[in-house]
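Shared chain: chain A. Partners: chain B in the first complex, chain C in the second.
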Partner chain A sequence: MMATLGYLTLALAFLLAVYGLLAVLLGLIQKTVPWIESARLALLLIFPLVTISIASLVFLLVELRFDVAYVYSVTSLEMPLYLRLTALWGGQSGSLLFWSWLLAGFSLYFGVHKWRNDDADLLPYALLVVFFTLGFFLMLNLFMEPPFERFWHLPDGSRVLSVLKPQGAWLLTPADGQGLNPLLRHPGMIWHPPALYLGFVGFIVPFALAIGSLASGRRDRRWLELSRPWTLIAWVFLSLGLVLGMRWAYDILGWGGYWGWDPVEIAALLPWLSSTALIHTALLQERRDGYARWNLALVLLTFALVIFGTFITRSGVLSSVHSFAGSDIGLPMLIYTALLSLSALGLLVYRWRDLRSSHEPEFTFSKETLTLFANLILLSILMVCFLGVIYPILSELITDTQITVGPAWYKRITGPLFILLVFLVGVCPLAAWSGTNLVRLKKRLLIVLPISLLVPLVAWFSGGVRHGVVLAALWLAGFSVLTLLADYAGRVATDWRRKEQHPAAALWAPIRRNHRRYGGLLVHLGIVLMSIGIIGIEGLQQETQATLAIGEAVDLGGYTFRFEGLDHREEQAGWLVTEARLAISSEGDPVGTLYPVREIYPNMGMAVTLPGLQSNLAVDLYAILVDWQPISQDQATFRIFYNPLVTWLWIGAGLLTAGVVVALLPGSSRRKDVQTVQVEPLAGQKLR
Partner chain B sequence: MSDSSPSANNSNRLKFLIGGGLFLIAVIFMVISATRATAEFFMTVGELQSSGTEHTGQNLRVSGAVVGDSIAYDPESGQLQFLIAHIPGDDDQIKQQGGLSYVLHRAVVDEQNPRLTIRYQGSPPDMLRDEAQAILTGTLSTDGVFLAEELLLKCPSKYEEALPEQVEN
Partner chain C sequence: MLDPISAPKLRLILLLAVLLSVVQPVRPTWAQDPTPSDDEVNRIASQLYCPICDNLSLDVCPLEACQQWRDLIREQLAQGWTEREIKDYFIAQYGDQVSGEPPRRGLNWVLYLAPPIIVLGAFALLVANLKRPARQTPAASSEPDSPEIEPDHQARRKVN
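Right, the complex of A and B next:
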C-alpha cells in the first residue's frame, strides 16, 4: 500500500500547488491578503506531503518491492542498504521525484520566512513563481514519470503497468530486480547527484525573489540581501556537485581524466559560471548602488540555465555518459523552460527604464573594474560553452552538414580564459575599491612576481617540467596563491602589532571580524589550488599502454610498473572480479602497488573498469586493466597514466567549501542594520 | 563616482566599451581559430562512402552499428579493427524506422548496407560488441579506412525496456 500512499500524497501536493497558483492569482487580482495567506499555508503543506511520498518510495526501495516498476529497474536482491537508498536517484522517475522534493524544501522558505511589512509586496509574485515551478515538476512526477507504477496481471492474460489496481487484476512480482547500473555503484555517485540537484534547485529562491522584486516594481536591492545566503548555498552545492562528478569520472569511467566536455557536464557548468558572475556583481551593487539591471539579468539567466541543465540531463536529448534513460519529458520541459525564460525576460525589459542608476564605474585600476572584467571573462566562457553545445544544431541549419566540436575545441578557447581568471583572482587583493595607490602596487608587484617565480622553478628542477605554457600558468597560479596569503597575513600582522594579541587569536581575529571577506578569500584560494590541479593533469599528463607478461615492466614518468599477477574471484550474484597487481618502483626503490580491477556483470552484460590509484601531492599514478589472456593468465594489457598535481583539485574544492561556510557564518560585522527593523506579521494586512 | 560631469562619464564609458570590445574580439578570434583546427564534420557511413575522397584528411565524426563478427584486436600492436554498418544520422528517422536497437540490428543483418572499416590504436572498450552504436572521431585515409582517434559506444540496454522479461513471456 506504500505505492498508493506515495502516489496519493504526490497527487495531493500537486493539487495544492495548483490551488496555490490560483489563490495567488486571485489575491493579486482582488488585492487582498487572505488569498495570499491561504496560498502560503498551502505551500507549507506541500513539503510534508512530498516528503511522505518520497519516504514511501525509499521504503519500497529498501524493502525491494519488485512489483513496483521503478524498484524493479534500479534495485536487486544483492544490493546493500546504502545502494538501495541511492537507487532513489539512480533512475529517471526517482531522480525527478527527488528534484521535486528538494524544490518543495527550498520553497518552504517563502512559507516560513517572517516577511517584513515592507517586503510583503514581493511575496505574491515570488509565490507565483514557486507554485508554477512546483506544479510543473509535480505534474511530471504524476503523469509523465510516475515512480509508483506497478506490474499487474489482467484477467484476459495480458500485463500492464499501473499505479492503481485495474479491475480484477492481480499483482505480478518479479523474483529479482535488474539492479542499479554498476557505474552508479560508487561513493562519488552517491553524493554527486544530490549535491548537483541541491545546487540547481537552490537557485529557485534568488530567482523567485528577483521576479518578486521586478514584478512589484521595486528598485532597491532588498531581493539581493534576502537571497544572498541562498545564492551562496546553491553555488557551493553546484560547485561540489561538479567536483564530485569529476571525482566519479576519475575513479569509475576509467579514461584517466575527470572532465570530458560532455554536453551534460557543460550544462551543469553554465549556471555555475553565471552564478559566479552574479555573486561578484551582487557585491558591487551592495557597494556602489549600480548594476541593478545586471544582477537581475544574471539571476534570471542562472535559473534559466538551471532548468536548461535539468532538461538536458533528464530528457536524454543529447547523447552522453549521462544517458542512462531515454524519456518523453523533453517537450513539456522545453515548453516550461521557454515560458519561464520568456516571461522573466519580458518582465525585465518592461522594468528596464525604472532600474536605471546614476552610477558610472571609473575605468581605473580598482576592485570594481577587475570585477567587471572577471564578469566579462566568465560570461565569455559561458557563451563559448553554450556555442559548443548548440554548434551541431546550428551548423546543420546553416550548412546542412552537422559539425561538432570536441574537448580540444573547448580547451583551446577556455584554457587561456580560465588562466586569466586565476590571475585576476590574484591581482584583486592588490587593488583598492577605488583609487588604488599605484606606487605601492608597483612595489608589491616587484616583490610578489619574482617570489612566485619559485613555483615554475620548482616545477622545472624537481618536477622536470619543460612545457612553456604550463610553466607560465603555474607562475600565475603561484602569484595568486601568494597575494591571497599575503592579504591575510598582512591583516594578521597589523592586528598583532596594534593590539598585542596572542598570535593564535590574531590569526582568527580578521576572520571573526569579517567572515565575508575572508570566507571569500578562502574560496578564491580554493579556486586557485583547483586550477593548479587542472593545469597539472591537462598540461602534464603522460600515458602509455603496454601488454606485459608476469614479471615484465614498463616505464612512465620516472616510475617503473612491474606486472606481478592477476587474481580472479567471483562475488555475489555472479560478478567476476579480476584484479591485477602492478608494483611501482622509482630508481629501484619500491614505492607501492597499484590494483587495477575489472568487474564483469554477466547478468547485465556489462563490465566496469576501476583504476588502481596511488596519489600524493605531486603526482597520481593511475593504471587501468584493459585486457588479459583468460587461459594462460600470464599476460595482461594496461593503460597507465601519470597525472601530476591532480590532488590539488580535490584539496582546492575542500577549501572552497570551507570558504563558503565561513562566509555564511552568522554575525558578520558588515551591514547589520538591515536585520534590525521591526518585524510584523503579514496576515491581516492590506496589500499596497 | 564623484566625477559626474557628462564628458567624464562618456569618456569612461568609451574606455569600458573599447576595453570590453577588444577582449571580445580576441575571444571571437580564438573561437574561429579553434573551430578551423578542431571542428569535426558529422557524416553517416553512406554519405562518406558516396563522397569519394572529398573528405580525406578532414576531421570527421561517423556513427554506425558495430558488426560483431568483424572485431579483431591484436594485443601485440594494440591495434583494433572492426566494421560499422550504415545507420541514419537523424534521430527522428531512427525513431520512424522502429527505434535505435531495431535500426542497429537491421543495419548489421542487412549485408547490402554500406560498411566502413575502422582502425583504432587502443584496446577494445567494454561496450564494443555486436549491434552497439559506435560514434567515432578521426580521419579518412586514402585507402578508405577510417582512422579513429576516439571511440564512443552506446548500447540500447535492457534498462530502457519498460516491462521485465518475466512479464513479457
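Right, the complex of A and C next:
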C-alpha cells in the first residue's frame, strides 16, 4: 500500500514536471502568461507529491518492510530508529529521492515568490531550468533507480522485482535485511549527507535566476539581488557538509586524518571554491558597474560542478570510498550534465557582448583588487583539483593506464595557494574599497605586525615547532586573525568615543548597523581558525605504530601511552567489539585514558575502527587499535597520532556558520529596493 | 702465495676505499636493520595505494592482502632494499596506479606542468586586465563601513 502510494505520487510528480516544462515552452512560444501561471501552479504541487512519496519510503524503512528491495538492502532488524531514518540516503535510489525532494523544496521559491512586474520576465526561463532538472531527477527515480520495487514470487517459481503486483504473484518478505554498511552507522550519517545535499541542491535557485536573466536578455544585477540569500544558504550548507564529512572521516575511517583527497571529496570542494569566488565578486558587482559576465560565469560553473559532482559520485565512473554501488544512471547523467553545461555556456557566449561593462578595475591596494586576486587563487585551486579528478579517467582513456592521483600531489600544489588565501584574508581588512588610507594602514600595521610575530615565537618556544614553513603559515594565520579583530575593535572604539555608548552597546552596534560586513568578518575569522587547525594537523602531526604487551608503553609528542588491557564483548546481531585501554601520562602525571575500539561485523565480513580520542585546544591525542593477539590477549598493536591544533578546525566551522547567519539577518544594510514590493498578480499579463 | 702489498699501494687502496665510501649512495641505517619497525614500513606503505580497493593507501587498508603487502615491505626493508626500489617493485608488479604520485613520464607530465601554467597564466591574465592608476590615489579617503551601493546604472535595461 505505502510502496504503491510512494510510487504513484512520484509518477504524478514526474508527469507534472513534464507538463510544467511543456507549459513553460508553450507560454514562451505564444508569449502569454496563463501557460506560465499554469506551470507555476504545477510546480507548487510537485513538492507535496514528492513529500508524500518520501514519507512513504521513510515509513517503509522505519517499519522494516523487507519486501521492498531498497528497505531490504539498507536496513536490518537490529538497526535503531535513527539509522533506519538515515538509511533513506544510505543507498542510491533512496538518496536520489531525497535529492529530488530537496530540489522540489528549493524550487518552491519560484512558485511562492511574489514576483514584481519588472522581474516577471525572469520567471519563465527560470521555471524551464527547474522543470528540466526536476523532471530529469524524478525520471531517474522512476525508471532507473526506483526505491519502491518489491520482491514477488511468480506462480512458475521464479522471483521478480516489481513495484506493482504481477499477475498471480505473491509477496516475498525476507526475514531480515542486509543492513546499512557499518561505515555509515555513525551519527555523522545524520548530518553530513543532508547538509551536503542542501548545499548542492540550493544552488538551483541562483542558477535558474541567472539563466532567467541571461535568456531574457537582461543586463542588470537583479538576479544577483534575488539569489543572494540562496547563494549564502547553499554555501553555508555546502561548507557544513564538507566539515561534517571531515569530522566523520576523522572519527571513523581510522587513518588519523580528516581529508583524504578522495575524488568525491574533491568533487564537493569544487562548487564550494567557485561559489566562494561568486560570493566575493557578487559584492563587487553591487558596488561597481561591472563583473556581470564574471558572476554569471561563476554561477553557471557552480551548478555545472554540482551536477558533475553528482555524476562522479553516482555513476561509478571513479573509484572512491564514497561511491554508490554500480548503477546504470551514469550515461543519462552524463548526457544531462553535458546538455545543461553546454546550453548554459552557449547562452552566456551568446549574451557575452551585451554584458560588457565600462568598468576597469585598477591595480591598487584596494579591496577590489585583493578580491580579484583571491578569486584568481580560488579558481586556480579549482582548476588544479579538477585536473586531479579527471586525469585518471583521461589517462585510462588515452593510454589505457590506471593512475592514482594521491594526497601528496594535491598538497604540494594547493598548499601554497591556500596559505596565500589565508594571507589575503588578513590583508583585505587593511584595504579600503578604493584609495586606502595610508596613514591609518601604517598605524594599524604597527600594532598588528609586532603582536602577530608572537604567534611563531610562542609556537617555537612553547610548542617546540621548528618547521620553517609551519612557523610562517602560523604567523600569517595569526596576522589574519589580528587584522580581522583589529578591524572590528577599531569600529567599536570609534563608536564608543563618538557616541559615548556603554561598552556592551558599542560591541553590538557595528554588527546591528552593518550585519553583512561583520557577518562576513566572522566568516573570514572562522576560515582562518579552520586554517590553523589544518596547519596543525598537516604540518605538525606526529605518529607512531607500536605493538605493546600489557603494561608496556610508547612515547609520542611528550606523552606516554601505556597499554592497560583489552575488553571483548559481543553485541546485538553477533557483532564483536574489542576495546583497548591506553593510559596517557605526561612527565609521570596521568592525563587521561584512550579507548580505541574495533568492531567486527562477521555477517558482512567488515571491520570498523573507532579511534580513542582526547582533545583540547592545543592537541588531539588519537589512537587506533590496529590488531591484537586473539589467544593470549596480552599484546596489541596501536597506531597513535599526535594532532596539534585540530580542534580549531571545528571551532572555525562553527564561527563560519554563525557568520553566515549574522550576514543573513534582516536589517538596515539591506537595500530598500531589494525588499519585496507589492506585486501585481501574474495571471493575465502579457509577457514582454 | 700472494705478494705482500707495498705501502704506497696500500695507501692507494685505503684512499680509494675512503673515496668510495663517500661517493657510493648512502643507504639509511634502517635499511640494514633486520627487523624494521612498523613506522618504517608505514612510511613507505602510506605512499603506495592498495591495487584492489578504492583509493586507500596501503598503511591504512584493512584487507588481509594489504597486510601481506606490508609484511613484504618489511621483508624488503630487512633485506636492505631502498624506498625507491620497493616502490619500483610495487609499480612493476601492480601498475602505475599503486603509486600515490603518478610517475613523471609520458602523458603524466600534464599533471606536473599544467598547475604552474594555470596559476601563472591566471595571474598574468589578471594583472594584464588591471588598469594602472594614472597617479597616486589620494590618501585621504576613509574606509567605508556600510556597503554603499552605487546606483545600478544599467538597471532593468533590456538588451533586445
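In this section, the second predicted complex is superposed on the first by the 664 of 688 C-alpha atoms of A that agree within 3 Å, B and C clash if a C-alpha of one lies under 4 Å from a C-alpha of the other, contacts with A are read in each partner's own complex, and residues count from 1 in each chain.
In the analysis below, contacts are C-beta pairs under 8 Å (C-beta built on N, C-alpha and C of every residue); 3 or more make two chains touch, one makes a residue touch a chain.
Only a predicted model underlies this, so the values are computations on that prediction, with no experimental measurement involved.
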{"item": "Combined model on chain A: chain C and chain B, fit or clash", "value": "clash"}
{"item": "Touched partner set for A:L81, first chain B, second chain C, both or neither", "value": "neither"}
{"item": "Partner chain(s) touched by A:Q402 [first = chain B, second = chain C, both, neither]", "value": "both"}
{"item": "Touching partner for A:T547 - first (chain B), second (chain C), both, neither", "value": "both"}
{"item": "Dominant contact partner of chain A by residue count, chain C or chain B", "value": "C"}
{"item": "Which of chain B and chain C A:F151 touches, first, second, both or neither", "value": "first"}
{"item": "First, second, both or neither for A:R491, with chain B first and chain C second", "value": "second"}
{"item": "First (chain B), second (chain C), both or neither touched by A:N437", "value": "second"}
{"item": "Contacts of A:P510 with chain B and chain C, given as first, second, both or neither", "value": "second"}
{"item": "Partner chain(s) touched by A:L283 [first = chain B, second = chain C, both, neither]", "value": "second"}
{"item": "Touched partner set for A:S380, first chain B, second chain C, both or neither", "value": "both"}
{"item": "Chain B and chain C contact sites that coincide on chain A, given as residue numbers", "value": "288, 319, 323, 360-363, 372-373, 376, 380, 383-384, 387, 391, 401-406, 408-409, 413, 417, 434, 545, 547, 607, 609, 637, 639"}
{"item": "List of chain A residues in touch with chain C within their complex", "value": "118, 216-222, 253-255, 260, 262-263, 283, 286-289, 319-321, 323, 351, 354, 360-364, 369, 372-373, 376, 379-380, 383-384, 387-388, 391, 394-395, 398-399, 401-409, 413, 417, 431-440, 491, 510, 513-514, 516-517, 543-547, 607, 609, 637, 639, 669, 671, 688"}
{"item": "Touching residues on chain B, where the partner in the complex is chain A", "value": "1, 3-4, 9, 12-13, 15-16, 19-20, 23-24, 27, 30-31, 33-35, 37-43, 61, 73, 75-76, 78, 89, 122-124, 126-127, 135, 137, 150, 154-155, 157-160, 162-164, 166-168"}
{"item": "Of chain C, residues touching chain A in the complex", "value": "37-39, 42, 47, 49, 54-57, 59-60, 62, 95-102, 106-108, 110-111, 114-115, 118-119, 122-123, 126-127, 129-133, 137-150, 152-160"}
{"item": "Touch list for chain A against partner chain B, complex", "value": "69, 72-73, 151, 159, 161, 172, 174-175, 178, 181, 288, 319, 323-326, 358-363, 372-373, 376-377, 380, 383-384, 387, 391-392, 401-406, 408-409, 412-413, 416-417, 434, 545, 547, 604-609, 626-627, 629, 635, 637, 639"}
